[in-house]
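Look for subunit A in each of the two complexes below; its partner is subunit B in the first and subunit C in the second.
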Partner chain A sequence: MTMLDSRTAQAGTLESMDCLVTVTGPADGRVIEISGSSAPRFKISMERRVNDVLDSLGCDSGVRVAVQDNGALDIVLGARVEAAFVRYREGDVR
Partner chain B sequence: MERSAVNREIPSHIEGYGDVAGRLYEGAFARTPSGYRSGPRIRSSSPHDGSKLTGGVKEAIMAAGVKSGMTLSFHHHLRGGDHVVNGVIQACAELGITDLTIFPTALFDVHKDIIPYIKSGVVSRIMGSVNGAIGRLVSEGGLSSPVVLRSHGGRPRAVISGDVHIDAAFIAAPAADRAGNISGQMGRSACGSIGYAFTDAEYADVVVAITDNLQSYPISPISIPGVYVDLVAVTDSIGDPAGIVSGTTKVTRDPIRLLIAKYASRLIEASPYFMDGISFQTGAGGIPLAVTAFLKEAMKRRDIRASFGLGGITGYFVDMMKEGLIQKLMDVQSFDLEAVRSIASNPSHIEISADWYANPWNCGAAVNMLDVVILGATEIDMDFNVNVCTEADGALLHGIGGHQDTAAGAKLTIIAQPLTRGRIPCVVDKVHTVTTPGEVVDAIVTEFGVTVNPRRTDLMDACADFAVSRRIPLIPIDELAERAKKMCGVMEPIRTSDRVAAVVEWRDGSVIDVIRQLEK
Partner chain C sequence: MRRTMLYLPGSNPNMLLRGHLFEPDGLVIDLEDSVSAGEKDSARVLVREVLRRGEFGACEVTVRINSTDTEYWRKDVEVVVSCGVSGLRVPKVESPQTVKDMDEEISRAEEKSGIPRGSTKLFCLLESALGVWNAYDIAKSSPRVTAIIPGGEDLAADLRTSRSKEGAELEWIRRMIIVAARAAGVDALDTVFPYVNDDEGLERETGFVKQLGYDGKSVVHPNQIAVVHSVFDPTERETAAAKRIVDAASDAEARGLGAVSLDGRMIDAPVIRRARFTLMRAGLLSDGQRG
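Our next item is the complex of A and B:
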């Protein structure tokens, strides 16, 4: 696979109580990377939320989802993941 | 294993600290002293003595007789601009001195330059507040002995009672003369009050003033007289003025924080302490400063004047004194340029030592005269215990400051804090570290209203009228914790090892909690 085949899409910001979600693919399976202020105490529930959103959107191909968190509540995280993934899937790369 | 009165498990013996049995925290006012004050070496002087001037820092360290294994003290009035701690430690390293205990009032990020000297064994122990990078290093096991955290009042208590003996004190002196008289009020490195250094000067075996502003004898005003000072070292710069004093501290503009400040101000107005002669401490944070601004309006409206403002002093307090709303300022640390100018020119702006400010073991600290204090917290729990030392990830990142002392001293102790910091809740079931016990905390103010400690039924009654009109929404602590949980979710536990990385002393020298090393 060449670099040209890979795509990246983003949603969110690094403002307080938000997060920046970057979806890159294709990847070898589903890879979730979580960093930032909530990670030390909420990593498991954040991973669960990312997985739930991807599942609900029917994501069955390999993607890498990187979350740079700055204190986003679960509901914000879910919305950012959804936006980033839909942009990725529909080629709306901005 | 022992259990302190705030229900924390503490080892009976802590390697590098000592036995805990017999000095467990038993209550805010439980431990009292007996016997006599400890003292430094007696010195003499005669008109035939040579000069106290020693040249630079390295010459002063040699002249002071600093040797490996000694305890060196420092004060933090130069804050993030300080060059003295780094300069002294580096010079000690160059002289081959090792195994030092350093006893600073506080270390900041600027002091990360000493991390290599911690790793190489020049510094083997720290007793004092560690903020930022050094705190993280300590939490990850970077120091072989535990850090000992003491409050602003607990530190001079430890010196005066003999818990800590200072071999040599290094005092950053914005102005000094050849006889060792010191002032913080003038010079390019002026910092205002040097109150944290007073007890060190009185109790150290050797006292070294380090100055970048040697003036002709005698200087005036004098904060620390030369009778306590052995040596005067002259250096190019003791600090960076930009890091020493901040610009004008600003009231927060964040609507949530303003709401919190408004509720806190109304709580004070509703309390029995809101009358002519009220006294308060509010510090320099965004919320406390906004509380002061709202309080100022209420004071004007109700024609009330404060007797004194205490603690770290800002330009905001200075302005209120100029307007006649506060009569006196008692200043242990001058935060900004306005405060520095004021203490140098206004006799109603009084410089006080940390001992005078906050020590529980003297004949009356200023905190005991305090009506109201506004404080912050990283966490507060269902028992109203407060943590200001460790962050959400369990790392030691802040010192105690005057938190314990003012909370214990003031008649009304208010913690004003948003319910969440990012996704991290500030109200939890159990704090990771107890800095200040709920026994001395009266109310928590968040954006959801005022949460009164149930033992303060009098305060609850005082708020009744305001509560009916919803000007002070009252919310019980369990509801507050539940709300935080609902918003944030349940936190995963912090993983620590059994090793104690830091000991948290209550202001009376008892052990209230320990901070354990983080697991990698």
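Our next item is the complex of A and C:
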């Protein structure tokens, strides 16, 4: 891949109980960034959830996943990561 | 009971996770009009996860999928049915063929997911003059069909009129649908009352459809639930009277008497049936006991 192949895809919102997930690639390995209201307390479990979802989707290339959280439960975080990563993989850049 | 079925936008986690806390009888998780074309994919993923792992209290859980004239509906069926929902609310049903197509797709999804065939019910939205005209045939076209529902806004447009608070444009539509529903043995559920700050108007419209015989009403805001329930719930006096009738009928049956009398008056079968229905509405009889 060249720099020209770099792309970004997003899913979710910054509304209450939601999160905005941005997937950018290619990256040097898997990079996960968590920010927002729940980050200080739940960063580790949120990172684990992001990793689980990416693994279940067969993500084996380097990507950067940024989560801006506004109180999203585990269910919502997983759904937003899945939607963003599938959009990224399918070239559905928005 | 289906007194109230609350619409929840399929792209809104806050509402999806909290909707049941307002205690409607049912939830209608929406993948259609409240979700923009660009968000259909992410809403479907979110709804799937919420259906699989969320909590819904005692609510009957249904999902309004996209209509069969869109590219989304087959994927909606596949994903939603695999989660084991009670039913699908299907927009723009115009003929038995629409139900047949849906039935086949649902059967495939049920088989693939190991769900007993026929367990996913259909709530058919009749949103055109043709759909309403075919209401009875639609309701009889599959054992999956459990309710028919007028779709207010689309119907008004198809009839070349507009929605009004008085509801003149839907008056005969509602009458046609209740007759078709009762003839076919399915529920009649009413469309939404879109003016969320007009409780008096909601109460008036709900009273009208209850008097026609409707089983319940779709709602778009949690604040509408209590208003609709208060109209559909029997009063204490109605409940007490119904209980006396049902007790008298049970007593007569136990004693092997063919006729039932109460306070010196004979009570016939339709009165007993109506009394049982009142007790069911009051939560004192289950749906299966109403006879």
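By our rule, the second predicted complex is superposed on the first by the 91 of 94 C-alpha atoms of A that agree within 3 Å, B and C clash if a C-alpha of one lies under 4 Å from a C-alpha of the other, contacts with A are read in each partner's own complex, and residues count from 1 in each chain.
The criterion applied here is as follows: a residue touches a chain if its C-beta (ideal position, glycine included) is under 8 Å from a C-beta of that chain, and two chains touch if they have at least 3 such contacts.
All values derive from a computational prediction rather than experimental measurement.
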| query | Overlaying on subunit A: subunit B and subunit C, fit or clash? | reply | fit
| Looking at the overlay, what does A:38 touch: subunit B (first), subunit C (second), both, or neither? | first
| message | Once chain A of both complexes is superposed, is A:17 in touch with subunit B (first), subunit C (second), both, or neither? | response | both
| task | With both structures superposed, pick whichever of subunit B and subunit C touches the larger number of subunit A residues. | result | C
| field | Touched partner set for A:83, first subunit B, second subunit C, both or neither | value | second
| said: I want to verify one number. Taking the Cα centroids, what angle sits at subunit A between subunit B and subunit C, in steps of 10 degrees? | reply: 80
| task | Kindly classify A:68 by the partners it touches after superposition: subunit B alone (first), subunit C alone (second), both, or neither? | result | neither
| task | Look across subunit B and subunit C in the superposition and give the shortest C-alpha distance you find, in Å. | result | 6
| note | subunit A residues where the subunit B and subunit C footprints coincide 16-17, 72-73
| query | Of all residues in subunit C, which touch subunit A in the complex? | reply | 12-14, 17, 38, 41-42, 45-46, 48-50, 53-54
| Touching subunit A in the complex: which residues of subunit B? | 392-394, 420-424, 487-492, 494
| query | For subunit A, which residues are in contact with subunit B within the complex? | reply | 16-17, 37-38, 40-45, 69-74
| Which part of subunit A faces subunit C closely enough to touch in the complex? | 11-12, 15-18, 72-73, 75-76, 78-80, 82-84, 86-87, 92, 94
